[in-house]
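Dropping a structure here in structure tokens format, bear with me for questions.
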Amino acid sequence: MDIKNILEQIKQLPLLNIKKMFQDDFLLTWDRSDDEIAAVFKVAEILRNMRKNNISAKVFDSGLAVSLFRDNSTRTRFSYASASNLLGLSVQDLDEGKSQIAHGETVRETANMVSFMADVIGIRDDMYIGKGNAYMREVAASVSQGYEAGILEQRPTLVNLQCDIDHPTQSMADALHLIQYFGGIDKLKGKKIAMSWAYSPSYGKPLSVPQGIVGLMTRFGMDVVLAHPEGYGIMPEVEEIARKNAEISGGSFSKADSMAKSFQNADIVYPKSWAPFNAMEKRTDLYGNNDMDGIKALEKELLAQNANFKEWECTESLMDLTRDKSALYMHCLPADITGVSCEQGEVAASVFDRYRDPLYVEASYKPYAIAAMIFLAKFSNPAEKLMELLKHDGRRIL
Amino acid sequence: MDIKNILEQIKQLPLLNIKKMFQDDFLLTWDRSDDEIAAVFKVAEILRNMRKNNISAKVFDSGLAVSLFRDNSTRTRFSYASASNLLGLSVQDLDEGKSQIAHGETVRETANMVSFMADVIGIRDDMYIGKGNAYMREVAASVSQGYEAGILEQRPTLVNLQCDIDHPTQSMADALHLIQYFGGIDKLKGKKIAMSWAYSPSYGKPLSVPQGIVGLMTRFGMDVVLAHPEGYGIMPEVEEIARKNAEISGGSFSKADSMAKSFQNADIVYPKSWAPFNAMEKRTDLYGNNDMDGIKALEKELLAQNANFKEWECTESLMDLTRDKSALYMHCLPADITGVSCEQGEVAASVFDRYRDPLYVEASYKPYAIAAMIFLAKFSNPAEKLMELLKHDGRRIL
Amino acid sequence: MDIKNILEQIKQLPLLNIKKMFQDDFLLTWDRSDDEIAAVFKVAEILRNMRKNNISAKVFDSGLAVSLFRDNSTRTRFSYASASNLLGLSVQDLDEGKSQIAHGETVRETANMVSFMADVIGIRDDMYIGKGNAYMREVAASVSQGYEAGILEQRPTLVNLQCDIDHPTQSMADALHLIQYFGGIDKLKGKKIAMSWAYSPSYGKPLSVPQGIVGLMTRFGMDVVLAHPEGYGIMPEVEEIARKNAEISGGSFSKADSMAKSFQNADIVYPKSWAPFNAMEKRTDLYGNNDMDGIKALEKELLAQNANFKEWECTESLMDLTRDKSALYMHCLPADITGVSCEQGEVAASVFDRYRDPLYVEASYKPYAIAAMIFLAKFSNPAEKLMELLKHDGRRIL
């Protein structure tokens, strides 16, 4: 991809209605219009191509990118750091530990205190149902208020780096992978994707990945199948969103009660473990009551329940059910690989091995997806700014 | 404020005698002349106005800003990170834990080892009486020696981010707030400020805030009243400094034994908890002897003592005593708010609520105060450098 | 040193054959040719002189410098941060704790996941024999594979910040110190250096320093003597390398069984504690078997063994044995100083005191050595890039 092509891509941006993205946050993909989603894809691709052509995308001369990770993270932390660095921002960690955060006064105050020179705030808060996204909105409201009151000289943009409901930087990176793999967003129409539960010996993996996938992929006219054992349902609200999306996009959203059924003629499979929504709600309540014995009992119960579904593993024979026996295998990583990272897990080693390179490529889009979200929130005319960068022709490496 | 006004501000800088600031540290406000204090205010305002006008203040192309926080910190950490980033420096944490640091050889060595490419060292060390400021001076002497011996290619500037004696970045930010609020440093003359102890259910808050306030505000011709219950005195040396300052500036420094008395006709109130100086000295001795039982006993004693003074709360009726019932309420944050962050605390919720925005604005000056301290230590002719920045016209955001 | 001299230095670079350094790693000094070693010295000196002349060396506009420290580190951490910052890279820590890391899939995946925008990866992993260097090579292979598969848009360069075998950034900085001290790399020919074991009350210091020293200094035609008590041998493979180096360079490599013998007429002495190689191998096995009792027993045994050799201390009378009683004393710091940092240690206080400034200067070369390693791996024509920097004439400080 040379510079002429980058120019072509930039020219397509003004065709999209993205006025509402300016000064706004990126919290849930279904909060954003189709044009806004398309703009993130477009800007992510442009930024990637600029970097490949050694063109600097440093739009910030100074400024902080605040990060708040309530859960351990390597992938998302590095993606956020990479995106911030690409645009010229310095990451500053806000370390509040994993403990559930205070609300009200403390949130409002902390949000403003860290934002005097912050252009972005990235938050990962996926541990408790009903908490993470709510917390992000509280922070967003606090900095909006601070900005309007003249306390903050700029309004930092919130980027959801994973919450209890959605994982938009993951699902958008996944979609970028599909767009590249199939040769365009229009090529996704009619493709079947199986978002399937898979067995894992560990417990309590977040719901935000499957929810993010069905909440986003249903917008592209795809046939999205959500498969899981009984009792492993996701949030009903998100299923509802997926259903509506499919109606509008001309795709479909259906459910299946086995991995095999969902894999039938699938173009893409995404087998991944998650915890049942109901159990996660119960866990949040137990946590709220500080009932640690109750939490331990629940964990034990869930691990036992999981063990009933060890056959939910993405094996070669299941892969053989997919279209031309060669569906694209996806995962947000790290995967529980049978015989490699655990005795029995989500995926057979031979399947994982064949798809390692595409899996890494899938992950490689996340920094660009994040950078695009920031870029679109910061500039009212992003195409103009990208043109300025091209004209200025700063080199990433001398 | 447009660029013409920034030029006007810069023109005032050369009128001040600030020769001694070059290559020096900022450790105690009372170590610095009136001109030097005025220069910090001036440069802080200029940097703020430049940023508001999207003008880059990046005077460093590379360089480290070492930070050493011996106590947890969010506000000051982000202020320091913001200031460093604004000027182009990268923060690198020196993590030595909260343990009392070794002296002599270790300090000298570590100070040099981290400073090969360091332009600034910011230290927060407020836990033990007689230790924090002494440690900063030891670091300062070490890097001076290293610079003079040709080991260091530049001498990093020390910035006191809070010690046992003073909290200059806080008091200077507070003063900037007052200057903006009342419309000029000359408007502070004759204003009455009440620095009052207030009840808190927690224990052992540093003395550096009240000491910093009475040590600085007495320089502007203000009537400074320090109020506290019996036994809650601050360092006698600092009271002496406040007394002398007031004499020179034509203001006054007095003491009161109730919050109410100090609030009478006050233009500004600053009710805040702190630990008695004598108790903190005792605590330092116990710590030195590793007498943990003694420390526990002292804490218990102090909490019980505190509980005798729960009526030292900044309530609406006390606020009614102030000038026109509308004194400016100040706090370094976070405050112990009655019924919000604790059952009973330093301030009534309704008072805090009314002053939330000004409190946040008060805090917003700290990054600029720190940046100004660094700037003035790094350039022998700061006005010239600021003019260069204006001429160069780099944009903070493209 | 003025700019004309920098130009002279740059002109010498193209005379060296350094083609293999481009896109490669710096893991062991004996993996690199004499020209490559000379190039690191040259570029380190150029970068230092550029910085002294306030010339920016920022070749990266953006990009991450990943750091992975499996052991506590202040000196090396700050050296790496300084080097990265000097070149324009932002440090991002990969925090995996001190636990022994998983291999295979996990390494491959993590290495790629953190490298999407990484230009360098610096690793310190010196805790277990047979592990640290092997781990670095695994990471290097992983990112090579990722780069070749088109996953990574650039191949991050690995820099060994200390492993079980070598400590190349230390030994190269030490060599730079000698080059400056004696006035040129050619002046090292025929100089005698004593790398001697010394007593320390602590246990298990890494072998990488003595190994790095004998593995590197034997290349410059020096007479290198390795002295240690019986049972404190280093890795036989490294002794073999030292022997071969000496043969080629026209120097010598010999062993001594007392500090005194090694100090006889020495021009340079490097007395430093380390743990016996055999014991470290045993410890690694015990660790592999999770035999914590065995490890405790081994530690006790080693401390008792150490105590038999308390006379291995660098005293004034031992220094009197050196050439003109004035050999250059070296240490990687921190040293165990008798009566200062411990009751009895590696060096007498008066010896250390006399050499403090040179010791700090010795340490000051490390950031430049690291920066040079990165620079040479990133540019196929480093002389050209340095000339570009000079022409562009960016100032480090405005």
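So that you can tell them apart, the chains are marked A, B and C in the order they are listed, and the count of residues begins at 1 in each.
Here is the rule we go by: a residue touches a chain if its C-beta (ideal position, glycine included) is under 8 Å from a C-beta of that chain, and two chains touch if they have at least 3 such contacts.
This one's a predicted model, so the numbers in the text were calculated from it and none came from an experiment.
Q: Determine the shape of the graph in which chains are vertices and touching pairs are edges (line, ring, star, complete, other).
A: complete
Q: I want to confirm something about subunit A and subunit C. Since they are copies of the same sequence, is their interface symmetric in residue numbering (over half shared, so same) or not (under half, so different)?
A: different
Q: How many angstrom lie between the CA centroids of subunit A and subunit C, rounded to a whole number?
A: Between these chains, centre-to-centre, one finds 41 Å.
Q: So which bits of subunit C are touching at least two other chains?
A: In subunit C, the residues touching two or more other chains are 58, 90.
Q: Quick check: in the complex, which residue numbers of subunit B touch subunit A?
A: Spelled out, the residues of subunit B in touch with subunit A are 51-52, 56-58, 74-75, 77-79, 81-82, 85-86, 88, 90-91, 333-334, 337, 340-341, 356-357, 360-361, 363-364, 366-367, 394-398.
Q: Which of the residues in subunit B come into contact with subunit C in the complex?
A: 58-64, 66, 90, 92, 94, 104-106, 108-110, 112-114, 116-119, 146, 149-153, 378, 385, 388-389
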